[in-house]
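Below are two complexes that have subunit A in common, paired first with subunit B and then with subunit C.
Presenting the complex of A and B:
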């Protein structure tokens, strides 16, 4: 009985952390699809969102829900700024300059936040005002429940948005073939700007949700982003379903491997999975083989 | 024409002379200004600056004003090595205050040996002063003493025998784990669980479940980052572990207490610095709070002592030659600092005692001082 409870506990933690990886990974995927570039500042979107929320809460004394909304709005605006400052000037260049540009943005964001907020990590209150539930020997942290729920809602929203709205379809068309989309009268630059806006908001959301658990610190984004990046590749580079499944997969595998095999090697399992997938299924769970790509 | 030339030469000579006999004495400081540990680094700099200010008010070192030359190590080992080679190459600098992280000191040890000038460190991995490097001096008690004090307090005072050890796998954490295991052996205690984790773990569920399963009634920890400590503390309480917790100094830092909040109430910690431990500490705490509007903690207090030890040693030696400073540091007897009474042994370890403190409802309460014999 206790063994079952322990396993369920480990599964719950794995799914919850995996959801966070999935949220950040979704942001990776959307930008990869729109621009063919890995955005190395994706994790820092989470960090920035969390710090903006802390500033609204402790600096401006805003109520929790307002701080939450403000942080997401600020991240949406930042996404646009990021698009025009980091991506747009280099849009006609190859993949590498843009990649370096996002890397530079990441360093810039981390050090700007360090200069403004200082290096001391901050605590943040949970969304719900109770610590969690005890269900048959398993402790369900209220914040992790919120994270799981929000991830599910976001996945549903994303599906609806991309498959059933005109903007979503235009975004898909842009990511599939920019020239063709342009010929059909789709404003490609605007679509890419919307992608950055959405990815930054998604990253910010991940940061705001995970802040109460992992605390808000300068390095919080990079720690999550590394795993999320592995999730992106495992899921199939640039596949939305893959991002979600990859994120959950990494979360659950590392959680169980840490419990049954060894805790100090926890971070290694994510990358071991990455190696195995790259060897046996290089296109990832849901990726197309490159030769098949139109 | 000739007059101008003469004036130029005179001016050049004057500058040269000024350069050689500068009226300040430069002391190096390698600290974490950027990177994940920048917070602790800023406190270290605070402590050293306060010491420099007080020394300068009292007339400086050998009649010269102290000037700190601060090098950032980016919170990394390579950054530390780089910072030491930079400062070590500057012949104006007779001594350096190094980092508080054991792993960084370990990385820089060969560079320090090559530079051949006294370096004060705050890292507490016992091996750092036992690698035949005569230039490393420690201004904090090392972990072989911290673990002896943790074991002594847990076994003798609290009468607890079922130990679980949780430690970071970095140099500090694994050094502490080894030393605590040794210290417990003296009392005939074999830990029921020894569990390592890597820094920046996002989830401690497997660790907590292992503790639960082991049935330990006391947990001894060597944790490096306050975020890790905060997450562990919360999950420990959430999953219903009620064992007594005695932690290494990071458990009583301001940051850890803010992050973990109630989850740390009732825990014990050892602290080499406590504002109520002695008169020097009281005066220091007052001056520090007045200057920075912050509560002083160990990150600042050891650096304060380090600069004062250097100043005292150079003044005693009346020389800035590395050998003379080294002899003077080793010759200090019962020198009273804020961290305790310093007597450097031949390895360069200055302190051997710790204060036991308890977190009572978020307030740090002084319990007792335990000094360990060599």
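Presenting the complex of A and C:
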């Protein structure tokens, strides 16, 4: 009975962490679909969002909800800046310069934040001011519950937005065939800018949600991004459903492996899963096999 | 290059350029200066760092600059070399050179394994895989304390003796490092002029085209990773010997990013660029310390500046500082003379026809994409020494068929026989080695390489019946360029050639491999009337008496009718007609398929 409760506890934590990976992974997928490039600063969106929230809370003394909103707004603006500074000048080049450019942005963001806030990790309060619920032998931490709930809302919102709004449809068209979209009068550059805005906001959201659990640190983004990227590949490169399932999968596997095998290597399990998937099912869970067209 | 030719080339370049003399003098002076002038221990250690890092950055030049594969694990390879040396000597008491060999060997093996992941995964995956690898290396170095000594690191790493002379003096050890670095710079500089180096650049410029013209792209990528890792390992081992102490934070992801930035800043496509970038980025923080107090904050944010610099380099100088210098130098200099075309031998294209079996046979060929049956059970026989055209409306499965024939796609069902051999399971480069040459509808050349280099890559396919050696490859390529009338453009980078010429270079590249079977995917696409007529003449010259078999796709019926012996018509992935041009072009089903006339069901 106790073993079952323990396992449920681990599962719950895994799903909550996995939700964070899924949010960041969604950001990856949207940018991949819009630009065919992986944004290596995606995780640092989470880091930056969390630091902005910390700055609003402790620096400016803003109330929690205001800090939350300000952090997301700041990240939306940052997404636009990122689009014009990092992606747009290189949009006609092959993927490698763009990839390296986003990598440069990642280094820049981390070290700028480091210079401002210092290396000491910051603590952040939970969203709700109660600790959590005991259900059976399982402790449901309130922050984990919030993460799960917000992730579900975001997934639903994204589905609605992409399938049932005009902007969403235009975004989809852009991601499927830029030239055709352009011919149809869709402002492709604007659509890509919106994609960066939305992805940065999603990343920021993941950051402010996970902050109370992991501590806010310079390196938090890299670790989350690596796992989210693993989730992106495991789910099927560029597949929205795959990003979510992949994220949850990584979170759960990681929690169980940390519980049953070893904690110091916690961060290595995602990569192990990634290698296994790449060897046995390289197109991921939902991806289709594609080869380059001649 | 033969000695005589090398000499001639040097003479052409104006004997000694003053720059070369300056570089040479500085290179010789650098390691000697410390022996003559008094140099502090601190300065020596900076130089030691610069030389050993530069060796690791040379690895980045090979894998990223030459081969176009992203590698974000160079610090891990650097670490393998360093830990190999440190553990071998300090923990297990092995001799220096044996420990170094173990470290470098381990790095090379790890590099090979990482390179193997490119079987299926390029681009982004590779970036992520190498980052993961780098992170795992760091985790293991920190946590596997029994072996790596964990975060405390390993002290007391000894230095070697050379010819009985112990290199305990920093100046002597620095001399060793510098000499090794010079040697490796020379080797990396020479690499692009070799078969392997050209193949690497081909992979970087257009991997699919490289594979199709006969480059074993996977082997080339794995080799690039092995070389890169080995260079990282050598750098790391020398670093460990130089500083006598290592700990995991010398080999983490930040270090990998530094190596990347160094290569990009200096110019990843040249070993000189790599060395220059390394020197600058190592000296920069030291110079910053000398700056006025108001600017002191810069040294706290220098990594942020690296990041910003990486973006700016990508946007404003993608070839790095060395690239800028080189381009300025090239502009200042006169254009290189065109090679002597008078003595170019005519191109030997002859294929002896001894059998009556078809050169190409497709049996029940199917290729499905999900539910789409792009090719749906096609049988075609292409007779030896004929020109066979495959036509059909858009989306009828022509290009898919061609892609299955040369191995870009694996068929869903059916068999492909080239010259009587079943090549169905073989990869494109194996089919090229079997004598299948190809061009693409949307031209796929190696844009920054010269026309000659492009064609040499085609000539260097396995089993090409030419003499061994570079001179034969070069002659073959020049003959092929001569055949298409572009020998005078041999030294021009193909991206600077007009479209029509690019098509011809692509055909020359395929011909240089002495194909038995030439696959042409819409060779007339995008050509104007004059160019089309020239193409028809070229195709006629190709079919006359050489025994070459040509299988081509085109939409220009005039061209197809003029050059083809037989025509096969596809519609909706199925064969609807076959025969001589006269028969086929009057066939009612064919007319219906093209004009959509009602009453002629084609399915």
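We take it that the second predicted complex is superposed on the first by the 285 of 294 C-alpha atoms of A that agree within 3 Å, B and C clash if a C-alpha of one lies under 4 Å from a C-alpha of the other, contacts with A are read in each partner's own complex, and residues count from 1 in each chain.
Everything below uses one rule, namely that a residue touches a chain if its C-beta (ideal position, glycine included) is under 8 Å from a C-beta of that chain, and two chains touch if they have at least 3 such contacts.
Owing to the predicted nature of the structure, the values given are computational and were not obtained by experimental measurement.
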Aligned on subunit A, subunit B and subunit C: do they clash or fit?
-> clash
In the overlay, answer first, second, both or neither for which of subunit B and subunit C A:86 touches.
-> second
With the two structures laid over each other on chain A, which partner does A:111 touch: subunit B (first), subunit C (second), both, or neither?
-> both
Given the touch rule stated above, what does A:267 touch, subunit B (first), subunit C (second), both, or neither?
-> both
Looking at the overlay, does A:129 come into contact with subunit B only (first), subunit C only (second), both, or neither?
-> neither
Of the partners subunit B and subunit C, which touch A:230 in the superposed model: first, second, both, neither?
-> second
Superposed model, subunit A: greater residue contact from subunit B or subunit C = C
Contacts of A:40 with subunit B and subunit C, given as first, second, both or neither = second
Which of 19-27, 37-45, 271-279 or 397-405 hits subunit B? In subunit C, it is stretch 37-45
On subunit A, positions contacted by subunit B and by subunit C = 111, 114, 264, 267
Can you list the residues on subunit A that touch subunit B in the complex?
-> 6, 9-10, 13, 17, 111, 114, 118-121, 123, 131-132, 139, 141, 213-215, 217-219, 223-224, 255, 258-259, 263-264, 266-267
Per the touch rule above, subunit C residues touching subunit A in the complex are 68, 70, 72, 117, 120-121, 123-125, 127-129, 131-132, 135-136, 139, 143, 208, 253, 257, 260, 264, 297, 300-301, 303-304, 306-311, 314-315, 318, 370, 399, 402-403, 408-409, 440-441, 444, 521
Within the complex, which stretch of subunit B touches subunit A?
-> 34, 36-42, 169, 195-198, 200-203, 205-207, 209-210, 213, 226-227, 230-231, 238-240, 255, 258-259, 261
For subunit A, which residues count as touching subunit C in their complex?
-> 32, 37-38, 40, 85-86, 89-90, 93, 95-101, 103-112, 114-115, 222, 226, 229-230, 233, 264-265, 267-268, 271, 274, 278, 282, 288, 291-292, 294
